[in-house]
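Each chain carries a letter (A, B, C, D, E and F) given by its place in the written order, and its residues are counted from 1.
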């Protein structure tokens, strides 16, 4: 029995609210149940130094948690003077995942920066960030077309992400915080809407996990991400 | 004529939404027109080192802007490794202002941290932060009473803040970004609901300002802050 | 009764010693009683990145306290690896104030950096820094003329600064440390020699202050700053 | 055809040299072909602050590359003043993986720090670090027993790690640098000698990967890691 | 011929002004010609962590240059966020040298911090800092006696320092900036008033130096430092 | 009697292993007894900003200790976010010493970076770093010739370094850690193979040292360094 009463293969309520703020080229408030992440996509007319003059673009991401997005207040990273290891790890994952959505050569010498800021945390912030960040990215790419800077969108495919895990012996989909903090295994799965894997990160907490559990979790993930693709499609059509 | 069409003595729409997030003891989404600041108040059962063992509490504040709360993306302070001078200046102002609302000895050895995070910026973020932060502070103090940690709230008085300025030769109330960026003079006024001043910070941009302009601005500020006290009262009653 | 025995409207002894060191284009040892601040003005043939190619100049300031300028030794900011919030706040105030003295377009693409280093602190270091820094600035601007880099000095007006406050119920001028540390209200006023305000920063410590006290403090400030303009004039004539 | 001429399921030469340096409680030079990582395990009689007084121990890891362990010199992280994102990500992975080898409660209030310093890089440094670090960890745990600080070793199981990937369309085991830099998919697999998974991290570079490729890679990994367990056993018996 | 017209074995004018500032236990303005260093000695009732509970004291030093103490403005270390390598090297030398003057066990659990801040630089700032810092140190130690915290001063011996070098082929004493910047060899010699060496640091700039030059330089240093001991004695008697 | 049983004028076993790693242009494992330092020399086709466009090259050095190269684990400088004072002091010494070996104008606009990483510490790491770093430097310079980027090597002379000290009243050569940690005086001497001094750094620990001890130490150093030049020659011939 899950703490929330959900079925093992049931997502939380997913809400993707576009144009949540007015300045960014893409701005999507992403809610997976009580988890709320603001994902903005910003277009910059330059690329990082290592790509200069190569005629291709770049997509990168930064992640942050508001200090009181969590049950106990976390120190503000800006005031401590550095980003923690978990933050760095997550923003690198988001960046890698969303780069897979874009044809970087077709993007030309533009960068898209995806900022994922957690307003309220209840488990699954990184998967919410990737899923909502992809919608913000689409909006930003379309802005480049609308502005005449690109003739067509360099979007290759949609990308979605969900967590799965083994909770109390049962493989479950989309872990919330109470589940996440006591799950035996926690895995984040990132896929494309063509059905391929972009990234799989599975971690045993305490006990190791077996091939059979892995297979069950991957099956749940595939089902959940397909529902996320529907939610993305609906939001972009809205 | 103001860009927004407002009268010189007219505030923007003020909205104070309590309980905007679920974890913090106080959490107020503060909107002054398009400016949106999330103010959370967190209770900590300890005081800074310089107050240890003195039997009194502390109130402090931290301020941040989401990277794309502004027209152009600003670098993330956490990733640059330090808070900018403007950030430091603003959070010190917020902290000083809100300490004036509380009887620190009656607070006992607790700290209240007010986090003010700008979701969307359109001028006046620091005055929104103080005004909404005071409501979050009240909620946090009441939590201490509800939890039995204090017998009654150490709130001394409400504190509100507004900006005034001289725009195109005319003293105006509550500057939005288009006004702020071209005003000749910009002043932030922080007052108590008993009518006294907590802090006045007036700055000439370019030309200096005269006593008569100062008096006109202070009159506007007093009028506007009184309306803010009404908004605070309504929110706390709601 | 003031601890120093001064009248409420009496400045401390003001001494402005030009050419105190030999390398800087302007170098003024500024003494307000026991407060001693060395203000140097350095000319640089470049402007900050945000001004490049715009044909105008810049004036900025940095502030520091020698570790043992104070009663207790303060940690050295260079060794702690960052400037404290108070330092940042003060140096931004000095920079804004002294920019008001100069026609930045007439300055051309030069920067003037005003370094204000506190040798001995006894209250009022920021107002001493602005008042003496303005004299150092004049010397630096005249160097540009003497060197043939400018045809005439881009000085627009002199700028002076003084603190006022409410001490033991009485408005007083030019607070020294014993007054400053127990004043109910502390205000720094920066004016031009044409009689306009550049900046007003008034802060209630503990109790709020009333309009009438504000007016009394501003009157004292105006009187004191006029005496500072005399001192500046005498120093520059010397 | 692999650049090295190896079969798809063939490891590089594996060498684990214990007691490579004299000061550390465990010190293993770990070589996977030309990749050379020095793994030391240091015992400390204290635990991190978040574990104080809980009667359990901790295992953590730090990772670094000598500046010229790579083809081009990399800037020294100590002199740049911070560890890069890749470094942070890798050392967190090593730490999580090796904690799985130890019964932290049986360890008592001791910490084991695993330092993994890359002397020469040729692909697979993190898997070499985990595999060799586990041997260093065993030596350090045995030191605690030999010193009478623990009555028996808190080792639960051995942990090994290997990379697998899809290179030129073929799933291959233990990628070296030429393969790693052009592989379509790169996965690191960490397992216990009881056959369970500790961590799986698979990343598509460019194109996504399919379930069938995933299964093939996991099969190769299991075979390779079993050979690593043999190498660990031989080294510990040596 | 030296640029200053001095004889090869002639010091610059040496001035040691005690009580230059009022807060520090020792405060000596040290002038070697145009080089001016303010040396303060601060007593702290604690020792660094590595000495806690060992019943002995500590002497340490910090060094800084005011940004415009030099011909070109140097960036402020506090604002760059770290002390440069030269600064670190110099303050370590000052600390080691002055520790040799004190019986650390007789000092008890007190620290003396010597702050050496360069007001104006013209070569030889580190030797001026050590020579004047020793006088400030004596004043601080005597304060401990005057306050009854020690029964007698733990001073063991006086310490003095001077630079020598080979300028234009000739060994010379007490190099000023024009000499320092073109000398072939530069050596700093620190001695006790009993005639022993505390530290010798000689560096060839460009060409190496020979035993015979070394001997000549050491002879000059001994002569110069003896004159410094006279100056210290006179200052302390004054 | 020395702890190692060596004669006072006896070096430890010196081993210089070239080509210890495969990527660097020069890579020398340098062993002075149990002290092991990996010295790599990297060629970069650029010079530091202060040398741009001046047609000359640069030689610089960085130094680091692996965290467990020592008896107790030292915190990793990369993770603490800055290099300690001792590290900075040592790497500046290595850089100055090795620049003396090269005709920087003949080097053209190339930089050679010498990285000295201590694998195992047992006293004398800085002298091992200079002595072995010089061999790595020679290899790197020869690479520039082999690649056709220079027509002949800009090597001017070989540089070697050794420590000497007064241990238990006796001047001794090449101090190991047990000697170093209790020596009364410790001196590092850097010389050229033409017999001149590059740098002398002698420090009294506790008691000062006399001219006669200085002379004895310099004699030992000269003897030892001559043996190091033989070892360098043999390695380069090997």
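FYI, a residue touches a chain if its C-beta (ideal position, glycine included) is under 8 Å from a C-beta of that chain, and two chains touch if they have at least 3 such contacts.
Here's who's who by UniProt: A, B, C, D, E, F = Ribonuclease PH.
Computed from a predicted model, the values in this text were never measured in an experiment.
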Least hop count linking subunit A to subunit C through chains in contact: 2
Distance in touch steps, counted as few as possible, from subunit B out to subunit E: 2
Centre-of-Cα separation between subunit B and subunit A, whole angstrom: 33
Centre-to-centre distance between subunit E and subunit D (centres being mean Cα positions), rounded to whole Å: 50
Residues of subunit C engaged with two or more neighbouring chains: 81-82
Chain order, ring traversed from subunit A with subunit D following: A, D, F, E, C, B
Of all residues in subunit B, those that touch subunit A in their complex: 21-24, 27, 34, 36, 38, 40, 42, 44, 62, 64, 66-71, 73, 76-79, 81-83, 87, 113, 115, 117, 119-121
Subunit F contact footprint on subunit E (complex, rising order): 82, 85-86, 88-89, 91-92, 96, 100, 187, 191-192, 194-204, 206-211, 214, 218
